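Structure provided below as structure tokens; questions to follow.
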Amino acid sequence: MSDTPDTFAELTSKLATVAKSFHGRGWLLGTSGNLSAVVAREPLRLAMSPSGIDKGELTADQLLSIDENARIVSDHNGKPSDESLLHIRIVKDRNAGAVLHTHSVWNTILSDLYAPEGGVTIEGYEMLKGLQGVPTHEHSEWLPIIENSQDMPALAEVVGRTLNEHKAAHGFLLRRHGLYSWGETLAQAKRHIEILEFLLEAMGRTSLIKRQGVKYGRSNDPQ
Amino acid sequence: MSDTPDTFAELTSKLATVAKSFHGRGWLLGTSGNLSAVVAREPLRLAMSPSGIDKGELTADQLLSIDENARIVSDHNGKPSDESLLHIRIVKDRNAGAVLHTHSVWNTILSDLYAPEGGVTIEGYEMLKGLQGVPTHEHSEWLPIIENSQDMPALAEVVGRTLNEHKAAHGFLLRRHGLYSWGETLAQAKRHIEILEFLLEAMGRTSLIKRQGVKYGRSNDPQ
Amino acid sequence: MSDTPDTFAELTSKLATVAKSFHGRGWLLGTSGNLSAVVAREPLRLAMSPSGIDKGELTADQLLSIDENARIVSDHNGKPSDESLLHIRIVKDRNAGAVLHTHSVWNTILSDLYAPEGGVTIEGYEMLKGLQGVPTHEHSEWLPIIENSQDMPALAEVVGRTLNEHKAAHGFLLRRHGLYSWGETLAQAKRHIEILEFLLEAMGRTSLIKRQGVKYGRSNDPQ
Amino acid sequence: MSDTPDTFAELTSKLATVAKSFHGRGWLLGTSGNLSAVVAREPLRLAMSPSGIDKGELTADQLLSIDENARIVSDHNGKPSDESLLHIRIVKDRNAGAVLHTHSVWNTILSDLYAPEGGVTIEGYEMLKGLQGVPTHEHSEWLPIIENSQDMPALAEVVGRTLNEHKAAHGFLLRRHGLYSWGETLAQAKRHIEILEFLLEAMGRTSLIKRQGVKYGRSNDPQ
């Protein structure tokens, strides 16, 4: 895989389309969130969303090309997202082809609600089958929750450790911050985000009903 | 009705439009859900959505033509949805012209909440009149809930039995999985999905309010 | 005001635009709801949405021209909405130029929740100022609730009586059915629907929080 | 900075785009809310949204040019928003380049819920970093709540006093009315609105869950 202009142009165009779609759903409001895709592996080149841009209006030519130290290698004037180091860590540790990070209302709520347990267990939903390598709804997905921090190198270390401890995880939450997921391709990463956002919303809304004493037949219900 | 290219092209174009609309509403996130329409009856030919495709980007030419055993009869390379056998069963048992299957947050929640009762009763809503053959809001719709399974031939059998037991049902829920509905035409199937999704959301939200002890004047309120 | 083709064409085009917008918000799902606008007063001619059409795909040329008895006066083959008699009654009693009827999840819930009281009081919201003739948020709007019925002539009588009893009302609810509002113009009717839908959602969501014992400083809070 | 036609045309075009986006999210329903941007400082010229216009259909040429007394200085026939005096006060006191005012369901609810405390504290969310000058999620944002009034000169005085008392605030709520925020540029003002709307929704939904006795690990949780 080489860093040809065509490939970079295609990826950035697709990243802009995903950004617009997620912004429309309210998952990237106020310039929050960020998106990346691998353009080349050796040496590593990532197409990365710039810092401080409205994701509903992100254009392909605003995406930056960065190296494995999050330095810009193209002649752009932009500033890559502060969280580029997290993207790079995920790309390396999971061999991911794309990384997406969303701030939704429900992922924010659940990232705090379940923080004392260190993560959220999601199980028994058909929707889980959309996660790569999950063949059945009888799957238990552990979504780790990591304390938020502004120290990016330190946070990248914690992310790396968490990825290592939970090798089967398809994503993680930063507390009161947001969701990270990834995939072999951008399409797969988008699929993973949509699935995890859906399930977090379903669990959040279910907890409202269940906590009022509604009987449930399953033993593996959340909470 | 013959399998002419025009008819197939029209149906697949309409299926792609429905997919885009439902994906926009969050009912087909993460490649979940599937859609089909009958192209010919003798022998049976179904236009069926492929497995693993983003429904917000589904194009007409990605729809597959399958036979009554869910085998591809066109020269496509795609893989028909795993749940094709359920679509075929519904088409045969209900003489349906189209079958739609959605994963919404509210249908997921209610499919689990009401599972111990075996189904959900929806009654007294004007919206019910939009279901084919229902002349008044004073109608009681029983939406059966079927346990989820990955064994598609076995699940198709249970679906067939359920359809036979509940001949008036306009849809059913798979537990923690999603909603199936159908119609004589694709337009009717779309109408049925929109109505059932609306009513499940209304009932889910009502249950939040009612369970907190609000008095109600009707005896036929849900729950 | 004469029934010129231009005027009819403009009105039907605007009605189709409103229908598409409201369907997008989930207020006209599954062919529910209906829309009308006055084309001429003497004799009365209404542009009326047809029965059984998907409002997200309603086109201007599908709108029907009907007289004061809800009979089609154009050469269309369509069937006017069953609820045309209600529209005609409102047009006559309120001298309205347009009537809109929506089925939203929140108006459905509140139409049932407040039915024992015969209506909903909405007061103290700035949003109320958008209702025609309301100069301040210190306004108390009574939204009457009428029992649903399939006997349209009888229901039209009850609607007429209700409009007469509550001359200041800008709309009413049919129980477990939906919201009616109107305006001198279509733009005003659209504004009234958006305002009432907003306020019903705000009140419905507020009731969830308040019923859990949160303290409030106002004495005129809903419920 | 001079009042050149180009600049005015660009600003009004951008204001119309923001209005359409926010109307789509349900934050400017029923002609509610208003938007402005500074065209020139000496003398002050504001591009201001007109009163009574559907924000989903607002066009650039409908924006009015007003002076520091909210008088129209262009040859428009429109009427500037009643709340122009509030915009002018904010522009002067905060040296803002744009002011946006939204009516969302969640800002309406929280503006009433927290009114007895005089404001809402929002803290510990990553999303806060999107507010200008906030470097970390470990930030405590105080969003003052002002009693609603129809006396605009008096309300402008209270707004001025509030801005003076809370110099770090990025916005304020009018009780049962809506949210005001602003920025050096229109893009920054839009970002601030999206962030504050997101956080108010997250806090409103969290309060539903927390009030049912879910344990939390943080001491600075809302309420």
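Letters A, B, C and D mark the chains in the order given here, with residues in each chain numbered from 1 onward.
The definition used in the following text is that a contact is a pair of C-beta atoms (placed from the backbone, for glycine too) under 8 Å apart; a residue touches a chain by one contact, two chains touch by 3 or more.
No experiment lies behind these values; they were computed from the predicted model shown.
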Ask   = Just how many steps, at minimum, does a route from subunit A to subunit C need if it may pass only between touching chains?
value = 2
Request  = Specify, for the interface formed by the sequence copies subunit A and subunit B, whether it is same or different in terms of residue numbers shared by both sides, with half as the dividing line.
outcome  = different
Request  = Quick one: report the Å distance separating subunit C from subunit D, using the average Cα coordinate of each chain.
outcome  = 30
Message = As a quick test, compute the distance in whole Å between the mean CA positions of subunit B and subunit D.
response = 42
Query = In subunit B, which residues are in touch with two or more of the other chains?
reply = 208, 212
Query = Hey, which residues of subunit D end up touching subunit A in the complex?
reply = 21, 25, 124-127, 130, 135-138, 187, 190-192, 194-195, 197-198, 201-202, 205-206, 208-209, 212-218, 221
Ask   = Can you list the residues on subunit A that touch subunit D in the complex?
value = 26, 29-32, 54, 56, 103, 105-106, 108-109, 112-113, 115-116, 148, 150, 174, 176-178, 204, 207-208, 211-212
